[in-house]
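Each of the next two complexes has chain A plus one more chain, namely chain B in the first and chain C in the second.
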Partner chain A sequence: MMPRFYSALKYAAVLIWSAFVLAPFMWALTTSFKTANGVTGGPTYLPWIQYKPSLHGWESLFGGAGGIDIVQPYIDSIIVTVGASIISIVLGTLAAYGLSRFQYRAGFVKNSDIVFFFISQRIMPPIVLAIPFFLMLQFLGLLDTKTGLIIVYIALLLPIAVWIMVDFFDGVPRAVDEMAMLDGCTPFEAFFKVVLPNSLPGILVALMFCLIFGWNDFFFAFTLTFTDTQLLPVAIVALNSSVTPWWSLSASALISVAPLVLIAFFVERLLSRGTLAGAIR
Partner chain B sequence: MDQPEFRFYKLSFLLPGLLGLLAVILFPLFFTVRVSLSGWSAVSPGLDFDGLANYRALVSDVRFWQSFERLAGMAVGTVLIQYILGFAMALLVWREIRYRRFFRVLFLVPMMTTPVIMSVIWRTILHESLGPANDFLGLFGLGPYPWLTDGSFAMASVMMVEVWQWTPFMFLLLLAGLISLPREPFLAAAIDGAGPVRTFFNVTFPLMAPVSIGAIIIRLIEASKIMDSVYVLTSGGPGTATETAGYYIYIRGLKDFEIGYAAALSVTYLVVMIVLLTVIAKLLVRTFVGRGT
Partner chain C sequence: MSLVVQELSLVRNGVPHLGGVSATFPRGQLTAVIGRTLAGKTTLLRVIAGLQAIDGGMLDLDGRPFGRLPAWKRDVAMVYQQFINYPHLSVFENVAFPLRKKRLARTEVERRVREVLSTVGLADFGKRRPSAISGGQQQRVALARALVREANILLLDEPLVNLDYKLREQLRDEFRSLFSTQEHSVVIFNTTDPAEAMMIADQIVVMHEGRIAQIGKPADVFEAPVSVAVAEIINDPPMNILAGRIDGDGLLLGEGLRLPAPPRLATLPRRAYRFGVRAGELAPADEAPLVGAVTFSEVSGSETTLHVAGEKGSVVLQLEGVFVMPPGTRIGVAIPADRLFVFEDDGEGRLISAPAAIGGS
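After this line comes the complex of A and B, so read on.
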């Protein structure tokens, strides 16, 4: 009798949490098919039964009336996020390999201090950086440009890449590269031909985290770009005013979080195979 | 691999990344310190020298220190709730449960979504008359509640959205830890006839101590930067009820344009943050490891 009861409790807990996790998505989905009438009459949930569904919200995303044109922000977001992530991964992987394989010393600064310096950048509150970044980009003439944002995002993402890759390379036996060098490879060749091809899992994990944190940033895009460049989160939050078009808002929200939700499937695969345990710690 | 002839390789691995980060971070840091000693504002823009005037002013700035206390309360509160819920969910989908891979994916989803965008959706959910939150509670004869317009409710709303968004991160780190645990201690506990509760407190929890510490510290660092949800949900209000330190600095610096004063606030904020987080990390290590192994 008792195990039955425990197991029912277990499923109940899992289902309640699932409902909580799903609630905002379900609400956004149903709201995205409403018109002004469907919203102002109080909360409704079922199309056809409770309100008359319309594609108005979705059409407004592509130049329709009363919404925003989401195509350009979408492209800008992809360029900035992917650009900054790739540069961070390249720089971060190289630095992490160096830190994992060589001894650096400059005065009292050692490897562990350099690693700590990289990671400690995550402690920096965005607001502390916002004002100097603003003035720095203004000085460089990069305010309100994609290039400017990419530079700023590298500062945010590089620490993540270094953090994950140092741990990953520490787990790759040194014998691997030493063998390659005994065969006459230079350290570059050993790294690019032998170590790197075997490091794909670690790089993927690092890349996913860079994409997540880059795509989801709002604050820097909000303070450092205005009209020429507009990333998705900024464009969507701009809809949030006193007379918010809930239907456009919901449709644009769903379409902008959709690509990263796919990453969840990927993370779960790595997680269940146990690959992630090593990469994260 | 530390022969002197490798010096060139050694440096070319590390320096591009290190110098890049130094270039982007060091200038802002030094610049902020310098600006904090100036009276730069909308009225008198420019880098004059004002000595420690800003710092003297902020010592008695009650609004700043209150926003700090509020941030500390929110960060510790939400991280604690996230830890308990995240650990519970990780344990639930760790082993014998049907469709566990489906639930694992589902439980990860919120951390992949853009906080500021989901906060906008939450704002419509928490709308007093048009949102589903009060509608749902009305089924049980509760409410309607002023989710975003009353101080305590607004605080609870912000914390709930943070819990929704970031429990998955805790869940991810803890589940990864659970999956990598060795099997032997659990077999031993089963042979001793320990039930699920005793197994958890005597085996699982102690074994998970290092992962727990790491996860809590990472989340505390990230939680201390809470900004997006506050900006969208309440704008720090009503009054200053949900104003965090970061949000207050944002108002003084980028809205009122008191750059010098905001820089002084930023420097103080950063120093306090680093000291607090270091102390918390030390304390966590001592309590967990002291009791665990």
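After this line comes the complex of A and C, so read on.
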């Protein structure tokens, strides 16, 4: 009897939590199909019964009247986020392997200090970095370009990748690399054939964090680009005019979180599959 | 045809890990390197494998120096204390890994892996992941991966130490036949256990504090340990060492323990020595010169180990059979004077006289 009671309690808790998490999405979903009248007419949730659904909010995102064209910013956002994340993961993984396996020393600076240096990039408030980044990109002629943003994002995402991967590589016994070398692998082969396959969960987690942080950035996309390049968060904000178009904002919010929800879903699936999670004991 | 190491030296942070280590390891023979923890055994293997740089010394296989080759070009196989396998590969692929790296033909790889897996008793486990088998089986996988290569040099760093008692006995018994397949290899086996070394080795190298204390056949090292340190390392429990002297009245051991001098010792100069006697050669006796209280007793297998503290000296006895002796029990201990080892009474403690070997043991 007791186990059933506990599992009922557990499901109740999960249900309450789900409602808590999903409520904003439901709100955004219903609002995205409303018009000005529907939004101001008090809380209504049931289409056709409580309000008259309209595609106006969604149309305005694809060049409809009084809206924007979200397609180009969307593509730009994907290019910048994915590009910066992949480069960060590649560089970060290599850097982390070095920091995990070899001892570096320059005076009093040791491995742990180097790792901290990477993380310290994230301690500074973005506003402190904005001006140097602006000047740097201006000097390079990369203001208002995707390339410029990718470079800035790499600087922001690399610390995350290094930090997560150092921890992961430290968890793979050094004897495993040694064994691979005794079995005839050069250090690079040992890394690619043995250490890397065993670190796949860590790489996925790091990649997920990079994608999330990159995708959600508004500040640098806002300060370092103007007209030629516009990322999704900036484009969405540009929707705002004298009257807040709640319907288009809701639709764009849903569209913009969609990829993150998908990524989280897949990574969670992969990690919970025993093959990956149980790779290292 | 052998592996020769000469004057290997390694000092790290002022601590000497290897101090002029020289030894010859013949092909087709199993050499056991025995010594206490931190004696430099693992360091020696890592140096031979190319995983540890040295300050000085020479490494040479069949007359060809290889000290400058990186680890991946040395053709050395190694089994670690911990069960190290590739977690992302199946048991079969783990064992096949070094062969695939050598680009052997697929059928050849299959044949050799199946053969060695059945040798180590894992024929039915090829598809499992290392994480899905027991510790003993994981160590067999590591062993199989080392054996399958038929490498020039096979290094085993206390491969049995992390296994439970029964499995250890079993694998130890199998080792001799396992290594008989490696007739062209130099096999070096690290251990802290004298019984293990005696049982499987053709040659024993005793290491102490980063140096080689003695090299020889197991029986020779056991019967004539060159120093107090070797005598302690090569016996388990360690040999009892008592300070004492030879004078006009015979032998004086510990704090006033009088024994008649047997003919072998009566001719030695009259001065201070250190005397050694194996724990297994002491026996309880009613009429005995050494009487003391049991401070600790331990039964393992069919043997009982007793620690006895007496006014005239403290000793450890090892008795065949199971005896229950609560701490505080007073017993007499008979010390057979003709079984005493005599060592110099100095820092090194060099062997001066050893008793005759007991019937070929």
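The criterion applied here is as follows: the second predicted complex is superposed on the first by the 239 of 281 C-alpha atoms of A that agree within 3 Å, B and C clash if a C-alpha of one lies under 4 Å from a C-alpha of the other, contacts with A are read in each partner's own complex, and residues count from 1 in each chain.
Following the convention adopted for this analysis, a residue touches a chain if its C-beta (ideal position, glycine included) is under 8 Å from a C-beta of that chain, and two chains touch if they have at least 3 such contacts.
Here the structure is a predicted model, which is why all the values come from computation and not from measurement.
In the superposition on chain A, A:V109 makes contact with neither chain B nor chain C. When both complexes are overlaid on chain A, the residue A:Q121 reaches chain B alone and has no touch with chain C.
Contact with chain C, but none with chain B, is seen for A:V194 once the two complexes are overlaid on the shared chain. Of the two partner chains placed by the overlay, only chain B lies in contact with A:A155; chain C stays clear of it. Applying the stated contact rule after C-alpha superposition, one finds that A:I16 touches neither chain B nor chain C.
Between chain B and chain C, the partner in contact with more residues of chain A is B. In the superposition on chain A, A:P173 makes contact with chain C only, while chain B stays out of contact range.
When both complexes are overlaid on chain A, the residue A:I75 reaches neither chain B nor chain C.
Contact with chain B, but none with chain C, is seen for A:L129 once the two complexes are overlaid on the shared chain.
Contacts of A:G184 after superposition on the shared chain: chain C is touched, whereas chain B is not. When the two complexes are laid over each other on chain A, chain A has residues 178, 181, 186, 278, 280-281 in contact with both chain B and chain C. Across the complex, chain A is touched by residues 1-2, 6, 9-10, 12-14, 16-18, 20-21, 24-25, 27-29, 31-32, 35, 85, 88-89, 92-93, 97, 101, 103-118, 120-125, 129-132, 135, 164, 172-173, 175-177, 179-180, 196, 210-211, 214, 221-222, 224-225, 227-228, 232, 246, 249-250, 253-254, 259, 262-263, 266-267, 269-270, 273-274, 277 of chain B. Taken together, the chain C residues at the contact with chain A in this complex read 49-51, 70-72, 74, 76-78, 80, 82, 84, 86-88, 97-98, 101-102, 129, 131, 145, 149.
By the touch rule above, chain A contacts chain B in their complex via residues 6, 10-11, 13-14, 17-18, 20-24, 27-28, 31, 39-40, 42-43, 45, 91-92, 94-95, 97-99, 101-104, 114, 118, 121-136, 151-152, 154-155, 158-159, 162, 174, 177-178, 181, 186-188, 191, 212, 215-216, 218-219, 223, 232-233, 236-237, 239-240, 244, 246, 249-250, 253, 256-257, 260-261, 263-265, 267-268, 271-272, 274, 276-278, 280-281. Those residues of chain A that touch chain C in the complex are listed here as 173, 175-176, 178-186, 189, 194, 197-198, 278-281.
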